[in-house]
């Protein structure tokens, strides 16, 4: 029994690297404590603590990074955790996403009369798990973090428990999620088993560690267990990303879930999945290039086409966002495939995710404002004359959808541009063709929506039935500032994408 | 004949298949859920077998986490099922398809 | 050993199959417990004694009891009224066959060079002739592992449990219908 | 003033006038007409000044106007004998017609537009005359087409004018199409469009003359001079005001085609010349018949113009372009006169144009009638009138050079006398047949003066030997040769008799058929079928109408349908529809049942594994 | 010099700022709106005029003058906002200024509901247009195009006429397809060139010394051709144009049809043709057929139209065919002709669209067969319409003529038969143009119209419309009479990249002494310096 070894292992547990995560967990706990202490007394306090607490965290992180952004990668926790500049960006991304989800939830929960503290707490805990997930470089941590995220989402999707839709969506997500977890787990097991197998050449000691696994796979790229393990792991991640054919759950779940949760799923969860996929294909599976490229390319093409085509006849906006999200997953997959040969494509993907976050939250923000009593029933038709009833929201919606559609001068365009350039450098012409078709198709439904919201303006001066809705919602100043800020950032990032330079120089 | 890794894996594979089969066949959400647990267990079995044959502890340690995760998953899952049953008075998947298209 | 393995394997697989096909969920749960116990026995064959016990305690004990409890609570212990449709049966049967074939193909491909316990080389963690200090069999080893190398996932499990706890409460808690949650 | 400045001024005066009218005096008809007439006066004065200072040798000057790559269009002037003559004709006739217009248009509401148009026309016409290269000719060629369009459409509220103006421009464009292609070919063949350079090149190497090129270039002539098969627009163009018919559609613009032929004479191969000769001769003959079927005084004159242009073309075709130019000049005098007379009549008769509704004009409008008679005799080629000298010369030459052509021409001469006789007998003699005519009065001095001036010229303008040399130099030698040359001696002697017989016999036949002052078309009573053929213009217009309405429009409509159906329908909407169908299909995959979704997972794993096995 | 370069940036920024001001601050008083809009529309034109006069003396790099460069954060990819003008972009920059001001004036005098938003979108469009033609960076070239394109869709959707909703979507999708294809082509070019820069000058310099492989050239050119082709309504990808223009509000249609549409051709001239000569040759034969389809088939289809605006739309599609034919020749004559034609067509089609709307206001119908007799009631409108029609059918004296003529000249050298077929277009366009005039203005009004006019007397063109039309006409006339204003500069910057062999001259000593003058002395000097450079 060699205790020294354990001592050395223990020494690598540098908790200081995980301060933001710890902060968030603490914040969640504080919220729960507050809930107990000031029960029903000062609800505003909880909202403020939740949101401002996270904003403070974001601010602190930004401040820290302004002093000097980490370069190079840091490995800690005996190889379980690896921090790279990209993961740092993703951590910021998740915190930002968490803030925005909390913000959206404030409005939503108030309207739906649902408890808030728990929601904020779960959101933060999921965020912590996602932050850990993108940094994990070993399958145990990876799995635990992933499952934390997944289980958290089960709860969030079914959060609106008086709504059968929400519960049904939760159940569907649960069954399919558990299935995908099982599949993923089996894949991990196979990889673990085969990579650590002493009978095989190049076997490694810690066969669940990404780096070790990479060296093993490089030595045994055709081992059938490696291949099936890879397939199963990728299938599990594809479920998170929403790539064909593991995308099928998305519309139902997105529709049933409370809108802030839909946003959370659509943005942060997807981002986590995509980033994990990036880590995997560039790390352990890098040697499987010859089969991953065709596989992921096919999946990307199918994803783009399926998402866009299916969204075409869709009138429910939550399903529409889900399906268009599938399409975006497809574009992101293009970036992932490209990243196997072009290094900077990682940052192209990250940048795309950032623009996607800004645009999506803008749109979801408007959706939350527009949602009626039945959260799952939001049709495109409800947006008729929004431009007249609330020009500001219509503007935010237009900017958001325009950015999602990839129209200059909005951020989404730059995102797509970077992905395209990367794909070109990687020589993925087929994927580019599919992306083009996808973008063109997507114009139809994005513009259909914009058209509904904006185009009828000033056409019917006389009071139409829609007119009555005008007074039903008022948008508070904070909401205006936030949504306006998102739109402004979307435009700003499109016109002066200096963020790209920052990312590329990492 | 000595115990080969393949025999364990075969049992594990069978269990996984049976679990999948159950998910596909059964209409009762609870049974589906149980089938999913069966699949997780199949993975655990394979993991332990690999761990033993690889001679590394990591597999066995991983099982701890898997069991924890499974437990948490079941807790949440059962809560959802119960809540849904209260709304719909049914746990049959056919009745749980109001979200579609 | 072989005989034991075959017995345990049958004890695991057959009840699993019965669980899937039995139309009464209570019976199914019972079969599942049997299957878990059989699996625990297989764990023992693999020298994972602690895990075998955990399997019986947590899975067969706690989890399945929870299942049974829910089944009873929801009053679902009657037989599924409608048999699975022919199409469903055929399709799922085909899927079953497909997966089994897949597993067989995979194992037949000999990616692992047909190892057996008897032929294990020196294992880093497990005790053997070459390595009598192998830790793996002792509960202590699990402790060391969890608290050193796997400290982070272990802590994260805490988060996981916290999330699921809050979740269960939120989903199951009966809520006052007229909450004065206005104004924030 | 040096020549360049003079020419620039000549060109700019009408343009300036048009611009000023268009910008400032759109609503002031009086001022506009004054400006325009002044401009034309200035042109006349400057032209005379120019002619007085004209150099002996051809004079050229040019500046680069437009240049891309190896292609250059220059803005240049070529001043030679032809230019002198045309310059004089255009400015002289133009001035008098301008003057006449003041009277004719005095009660028109859109006077300013009219005079603006006249100025633009003068500008464009002078441009053609002065141009030193084909591209520039083409440019002004198009511009005269435009001004002609604009002026024909003067009475734009009538459907007739609307149709006629459109037809005139489009038919001309068809001709210009060939002309344009020819010019471009010319450029790549000779490397230049400058007329004298081309001439010189052809002189150096006669093999450069290509029949195809010539055929393309004469398309411009066919359109502008209204020769078969592009003649259909000219009679319709009579829908415009009468001074326009006089200036543009009789005296100058239509004659520009002849001028073009003279300019590119060197490029025309014998075959092309033959073609021109036959086209001209045919038109000279056939147009006479059609004129017999017309009742509108202006239409009759229009067909006579066609016929006379045929004579000019025949002259060019038989290789004596000088004769063509000479006839062009005299024709400009007498045909302008005839049109102005008819304008005077129409104006007096409140826009009555049917000769069968006139009658007795000789008494009502004596001066006009006498002027008309003068023009008419000149047109018929009555001995020693202006027309006699030019027309006789052409027939003489034809007789000597190309017999068959001559027979057509002499036939045309008989017909000319016949239809002019018919016109005179019916419209001027007898009694007024309608109220409008009964109350008509002689026109005012501003209209009479041009009639008198031109009338005198129509009678005596043919004495070419008395012409200033600067004007006659371009045709003098050729004409003189025909009348005094050795090889034409016999022909000349013969023609002295034949020509006289021709016009007198024509007149006699006219009297025999139509009588004096008849109120009905007696030929129509006797031979209605024949007259119908004439009146329907030998059905050529009907063929065109059939082509436009039944073929061209149907092709267009069919294509339009295919555009809607195939391209925007099947191709564009179709692909959108397919995408939509696929979308509906894939949407229907979301069955809502968990079982259905689990199969996707299975499918996915199989797919992934298949890839890993390298099956794809 | 710095001042002039900054002006280029200002030409983009001022309308953009104006647009955002109007967009952001609602409820401004109408005089402020007016002031802001007028500034936004006038300044670019003034800048264009100023830069025109400064053009000759300005420093140049590779033919580009007034260079200015800004880093916008994409320098990792070699993307910088690089502005500058050369001889080819100068006319189009100018065009954008003129048409923009005309459209702006028209919009200011229009009765559009919520005019402030209307004007703001128009200003943004204007900024995009100025940027497009001033960009040397091919990314920003594309970017500004899209910036101008997006407001078009919105404007069609909000203020469009009948069928606007479907037309807007169709146009959006179609044009996005084109834009995406061309974007792919541009990126591929960037990638293939290997200079790691989107700067056209850099790419040019590199590629002229090391041309790409044939396959690569063919592929890139194909992408650019069809991408740009869709944007320019190349047959058979034209169906968006007539419908779109018919549905679009006037000012937007003027800017789009007049200026923005030229983007594709401009891209082909500045980027695709000089850099990918092999690709151009490869696709040439196909392009000829398609362009002939534009000229002849679309020409005939135009003849079948009864709807005035559709007719104008189709006619503009037809004229684009000439421009393509000009490009196909790969000759400075043809390409230069295409540039001049683009300029002329831009003005004339904007005019026609504007006047068509004016006609509509007086007749309440677009069906030409239902009209008639307007000429005597609204003579100025009629006169302008007639003039605009003649401009568009290529009458000398208008800018279009020079373009068409030069294209025909070049086309003969390319292939006489193609030229002959293409030239039939001059007849076809005359037929539909004059028929439209005859239907709308001449003859007698239809009964329905007479009925309508009894209530509402047809009124003359309003001051704003007149002003806008005069502006457009002056452009047409000035270039019509003095084509060298632009043609010399165009020629100068095309010569280095396109063949400019003079025809096989029967060169000789002239038999007649020719006295020649030089019109503009300094132009000649410029030319000589440039031809020196062209030999490089």
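Observations on the structure shown:
We call the chains A, B, C, D and E, going by the order they appear; numbering starts again at 1 in every chain.
One rule holds for everything that comes next: a residue touches a chain if its C-beta (ideal position, glycine included) is under 8 Å from a C-beta of that chain, and two chains touch if they have at least 3 such contacts.
Note that this is a predicted model, so its numbers are computed, not measured.
When every chain is represented by the mean of its C-alpha atoms, the one lying closest to the mean of all protein C-alpha atoms is E. Farthest from chain D, judged by the mean position of CA atoms in each chain, is C.
Separation between the centroids of chain B and chain E, computed from CA atoms only, is 66 Å. Inter-chain centre distance (chain D to chain E, centres taken as mean C-alpha positions): 35 Å. Note on chain placement: the centre of chain C and the centre of chain E lie 71 Å apart, centres being C-alpha means. Separation between the centroids of chain A and chain B, computed from CA atoms only, is 26 Å.
Residue positions of chain C touching 2 or more other chains: 88, 91, 95, 99, 102, 106, 112, 115, 120-121, 123-124, 135, 149-150, 153, 157, 160, 163-164, 167, 171. Residue positions of chain B with contacts to 2 or more other chains are 5, 16, 19-20, 23-24, 32-33, 49, 51, 53-56, 58, 61, 65, 69, 72-73, 76, 80-81, 83, 96-100. Counting partner chains per residue, chain D has residues 576, 587, 590, 592, 594-595, 598-599, 602, 609 touching two or more of them.
Those chain pairs judged to touch are A-B, A-C, A-D, A-E, B-C, B-D, C-D, D-E. Contact residues of chain B toward chain A in the complex are 5, 16, 19, 23, 29, 32-33, 36, 39-40, 42-43, 46-47, 49-51, 53-56, 58-59, 61-62, 65-66, 69, 72-73, 76-77, 80-81, 83-84, 87-88, 96-100.
Against chain B, the residues of chain A that register as touching in their complex are 139-140, 143-144, 147, 151, 154-155, 158, 161, 164-165, 167-172, 174-175, 178-179, 181-182, 185-186, 189-190, 192-194, 196-198, 203, 205-208, 251-253, 255-256, 376. Those residues of chain D lying in contact with chain C across their complex are 595, 599, 602, 606, 609. Residues 20, 23-24, 32, 93-94, 96-101 of chain B are the ones touching chain D in the complex.
The residues of chain A lying in touch with chain E in their complex are 344, 391, 398, 402, 407-409, 413-414, 417-418, 420-421, 424-425, 432, 436, 439-441, 443-444, 447-448, 450-451, 454-455, 457-458, 495-501, 504-505.
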